Amino acid sequence: MGNTFGTLFRISTWGESHGGGVGVVVDGCPPGLPITVEEIQQELDRRRPGQSDITTPRKEPDTVTVFSGIHDGVTLGTPIAMNVINRDARPSAYDEMRQKFRPSHADFTYQMKYGRRMAEGGGRSSARETIGRVAAGAIARKLLRVGFGVEVIAYVTRIHDISMPACATLPVHADVEATPVRCPHPDTAALMIERIKAVRSAGDSVGGLIRCDIHGLPVGWGAPVFDRLEADLAKAMLSLPATKGFEVGSGFAGTLLRGSEHNDAFVVRDGRVRTSSNNSGGVQGGISNGELLYFSVAFKPTATIMQAQATVDLQGEATELTGRGRHDACVLPRAVPIVESMASLVLIDHALRHQAQNHTFAFTKAGIL
Amino acid sequence: MGNTFGTLFRISTWGESHGGGVGVVVDGCPPGLPITVEEIQQELDRRRPGQSDITTPRKEPDTVTVFSGIHDGVTLGTPIAMNVINRDARPSAYDEMRQKFRPSHADFTYQMKYGRRMAEGGGRSSARETIGRVAAGAIARKLLRVGFGVEVIAYVTRIHDISMPACATLPVHADVEATPVRCPHPDTAALMIERIKAVRSAGDSVGGLIRCDIHGLPVGWGAPVFDRLEADLAKAMLSLPATKGFEVGSGFAGTLLRGSEHNDAFVVRDGRVRTSSNNSGGVQGGISNGELLYFSVAFKPTATIMQAQATVDLQGEATELTGRGRHDACVLPRAVPIVESMASLVLIDHALRHQAQNHTFAFTKAGIL
Amino acid sequence: MGNTFGTLFRISTWGESHGGGVGVVVDGCPPGLPITVEEIQQELDRRRPGQSDITTPRKEPDTVTVFSGIHDGVTLGTPIAMNVINRDARPSAYDEMRQKFRPSHADFTYQMKYGRRMAEGGGRSSARETIGRVAAGAIARKLLRVGFGVEVIAYVTRIHDISMPACATLPVHADVEATPVRCPHPDTAALMIERIKAVRSAGDSVGGLIRCDIHGLPVGWGAPVFDRLEADLAKAMLSLPATKGFEVGSGFAGTLLRGSEHNDAFVVRDGRVRTSSNNSGGVQGGISNGELLYFSVAFKPTATIMQAQATVDLQGEATELTGRGRHDACVLPRAVPIVESMASLVLIDHALRHQAQNHTFAFTKAGIL
Amino acid sequence: MGNTFGTLFRISTWGESHGGGVGVVVDGCPPGLPITVEEIQQELDRRRPGQSDITTPRKEPDTVTVFSGIHDGVTLGTPIAMNVINRDARPSAYDEMRQKFRPSHADFTYQMKYGRRMAEGGGRSSARETIGRVAAGAIARKLLRVGFGVEVIAYVTRIHDISMPACATLPVHADVEATPVRCPHPDTAALMIERIKAVRSAGDSVGGLIRCDIHGLPVGWGAPVFDRLEADLAKAMLSLPATKGFEVGSGFAGTLLRGSEHNDAFVVRDGRVRTSSNNSGGVQGGISNGELLYFSVAFKPTATIMQAQATVDLQGEATELTGRGRHDACVLPRAVPIVESMASLVLIDHALRHQAQNHTFAFTKAGIL
């Protein structure tokens, strides 16, 4: 029962890498949201394998089918079921992996926890599972935008040791999509692409950082003490394959500052209470303060590499394994829409939770207060 | 409804900094666990203000009362309610803060979200709330130890820019408790204490890093895809006041390695499948792999400082505020038992979840499989 | 982890009959609701033992203390913790019951499930646990009334075989409180009181029916398919001690009608869509339809009787037990506020859930739809 | 977010009557359970329309496809996604119903709650939604049987005013399936079938009672105080379309007994603690006591009848509506497997919850207790 995420806008994903398909059920989307299958497909296309020459060549159109909950292009308020059929499954490529545990993959832990597993492509532990998250995230994102004026933009800020410089202005969606690596700084993007290709040629892999900006957040979202906005975002990000770290606002670097340097002074700007700096990253006490919310996520280098590695087999004997199958030498370009999806799911859930408890009640209107 | 944490071992904390008290209800502790009030108090004493000359001088004995769920020193399987009464509350010290928002505190966001707040000491957003977490954590920790052989040890690894060197052997509880700063490396601890005192004298504050080691984890805990062990730990840590980041295993630094450097090769050691390195940090695919699980948490410098800061008041007018009241210039020493408590709560919950679904069923025993 | 109830307005009760006390934590009450301790106490007084000569003489003032979440008579939006200390505990009265299982009580099942139990007064299985429900229910009820114009009125309609006749007009609160038996029909009430006294004199006990009317429900509350309004009410009622049945609208009797007799025709009345009859009981498809919601709950005769009964002891030996301690010969008069509390908790939860998902979104306002 | 049921064995159903299909995701089924698609289909066939001459003639094969979570006939421990495509949808039959609200249906409440609805066949409020429940229930039932030795048997005990007499021995599955009306008493079954046909000829409909027996329950399942076994069963049953009442054990009739008549004396039989009568219905204090658990559910007469009825249209104008489309004149025969499915889902959830918290812990084994 760890396959459900969210409280009021709740998703349940299902599916194995090489089984019948993958999908999601979204429960709790409010009625009346205009959304088309094309809008959902568009987000899936950003996550799709084979979208560029720096991603895995696995040929999956990842065409989504919507079975319920949307009628005439508008949500009904009932559960939205979406499926993607697995097409280009090549189980034979995984014969060896049925016997041998791939290092730093979940083969061993799944085998031990469940007593069995679908070995092909990692089965449930495959990143194909995130298709359901992205399909649901597309809906969450649309609702955030049209219902609340909130925009979620993620982008690659570092691949291996190649970092983009600080931006004068925050990137918009088109900046991110301008290059296949999804780094909005073109010169850095070119270097990143070069690095990914070089590493792939060497049969190796690299990781890096993705940053996510949330624009337009109102003051007041977040549910302390446990369901702080940054806590739910941290969980969402660490629930993604290959992630090893999360930081919000000043993050790890902020621990090197003194309080007098780190504190964000309150000021009045354009008639609103704002802060003069934003080390808090848009969240104070777990609640959004109306500034930009930003966070970064660390992705490790892809575990599957095309080099011989020491491992053990199902019988517990030492052996060797060389990666086969079709893989990304770097997952970050395709992870950008996944990060945006998970962030959108967290935010829309908190939007609905806030709305549940902070509506203007009749007793307030009646002047009792 | 963000004040509940956990699925099967579930806690609900309550209380404001200067109200009637703070406390917790633990729902889901199995029956039959021997635990005394003294054992719970011992953990609270490690979190207590005034415990050393580098913590806030607020005089709170933080004496816990157990109202239910434990009888004759053994848990009953029913909810355990625990209260701590607030003693040394000085509301007058907060007169100014009722009017002015403290920078980088949650005063502003609580006021905006709820339309009102208890201003004294931060009310609900005060770190006094964590008393309930530590009381519950003491029970979780005992159950982990005697029921599953799992030991949770946290410690301060960096204060401001003073880091402890890598240890030859992992610290044990006594190493951590040897100094008031809870850094197990004595020489570094001395420097850290000095720094905290210096910063406090300057009316300023500092942050740093706490690392947490989980010893003795069996293979198989964790509930992918969303409730991965590291995802739930990340949420738990980011739900703590003043935290800005979380990393597990190789963390952010691991993103600078190549896959061939980062992967943990499987080997057979002492008849068990182990890994030769541990960049994964004891978790693969969200499930424990039997290695040491370790993670680090970034704490920002304390927001309350004894210097004049620019801010705005309830009327939205620009003003200035100088910290008053009794505060820690560095929260990390007292945060160590809090980190341990939250980690224990996450782990015991997953222990019970694992047990629910992975017990040897009758059909297995009957040889049907 | 079965001690928590509700999704958005969530309560966790705790406490044993003869332990340190009983209480509740309410998580999710919106901020800004005016409520006093006196209002909460008033509901507890209706549930209190010793309130009249037809209830148990156990002398418990059941004085509630509010520890958090309410300040200056207004809710803060933070958890509300409430305790009642056990005063008139007489553990010695239960010496025999530590050894022998009381027939039709939960002594045996608790002992077997948990391996131990607090035998005095039934421990956790005592109806004293409902104190927490009533304290929380008082808040829910106030919020329903001032926030949504919804009124919950329960009353006794049958004791043993003594039924009240159908009312020309539905009873109001004062009608219910007019007699200690809480049957709003005075003549029937007199007969009921007589029956309870006669049965008590005989060392025996009786049960009966409580009906509950929900006035003023708007159209649209309820969350199909599983969290239908009547489903959540059924669970709430069957979670009460001594309940054996639940029916909504036409209930069991309705199964004797044909569809042509049972269907509620839609009509227009006062410019609103209404139904000409109300066999549906105010709910269609799990959603309120704007008519009166009404349901009935069956309570069995009190299990504790002052007669010798066959039973077995902890050693599994056949023995005999005669009831001691102080008990109600009929629980229904005191159960009325408990039924109202549980109904209020269900309804306020659905009010908040409805509000979360059915608020007028910006995209609706913007004319996109 | 009302489309999810269960805590540890959790299902999410989706789908509209005349949309792309209906289905379910099961999250939390333990790994290693042998189950075939045929076993699941078998249960769906018992629920299928057109299975006999007393059910609706809608021709739906209701063929299930399993997309994930089962491999080589054994569960993987990952989510199980199952779909049924809608085949015999005739939207044109519902043209009139888009405009007019069917009396005692959920058309009006869905329209008001969500602002829109799929009118064809009731959309989400159609009993076709229960397909997902039955598919999931088939798995729950298998796990109960092979994992815990628990058997769930439901049957029709009354149609309209035709009741079956008390049985000498409790019916088994074959007795129930012997006639299309699923009443295990053949003579009564014949009368019931006759009544259903007569009523259908008259364009009318009837309701009745279904009883459910749970055989083989161990002592100790159930999670007081809120998640009592009977409370969760009551919710499960009242979450089904057309249900109006629930009673467990002695139920409503038991309220006419005195305590001395109603109490179940404990006795020792075959070396186990048993009760001499079973008015409790197998549950005491919300926990199973090892006796037969039995309950009854009241189903109202089908709302759709082939007679002209007064109603209003979308414009709020008074009008008339005569039922069209294909409908059951009595839902009870097809509801039997649905009741069994929901009961199975409740029980398996409690089995896993019990297992989570009441496993023999290491500290017990180690003799600490």
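Which chain is which? They are A, B, C and D, in the order written, and residues in each are numbered from 1.
What we mean here is this: contacts are C-beta pairs under 8 Å (C-beta built on N, C-alpha and C of every residue); 3 or more make two chains touch, one makes a residue touch a chain.
Just so it is clear, the model here is predicted, and its values are computed rather than measured.
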item: Taking each chain's C-alpha mean as its centre, the one farthest from subunit C; value: A
item: Pair of chains joined by more contacts [C-beta pairs], A-C or A-B; value: A-B
item: Approximate Å spacing (C-alpha centroids) for the pair subunit A, subunit D; value: 38
item: Chain centre separation (subunit A, subunit B; CA means) in Å; value: 26
item: Separation of subunit A from subunit C, taking each centre as the mean of its C-alpha atoms, in whole Å; value: 44
item: Residue list for subunit A, restricted to those that touch at least two other chains; value: 1-4, 7-8, 13, 28, 31-32, 74, 77, 113-114, 124, 353, 357-358
item: Arrangement of touching chains [line / ring / star / complete / other]; value: complete
item: Subunit C residues touching subunit B - in the complex, by the definition given at the top; value: 1-4, 7-10, 12-16, 19-23, 25, 27-28, 31-32, 65-69, 71, 74, 76-81, 83, 113-118, 123-124
item: In the complex, subunit B residues that touch subunit D; value: 7-8, 28, 30-34, 74, 77, 143, 146-149, 352-353, 355-359, 361-364, 366, 368-369
item: Residues of subunit B touching subunit A in the complex; value: 1-5, 7, 13, 101, 103-106, 108-110, 112-114, 124-125, 129, 158, 160-161, 199, 204-209, 219-220, 222-228, 230-239, 241, 243-252, 254-268, 271, 273, 275-276, 279-281, 284-289, 298-305, 307, 309-312, 316-318, 353-354, 357-358
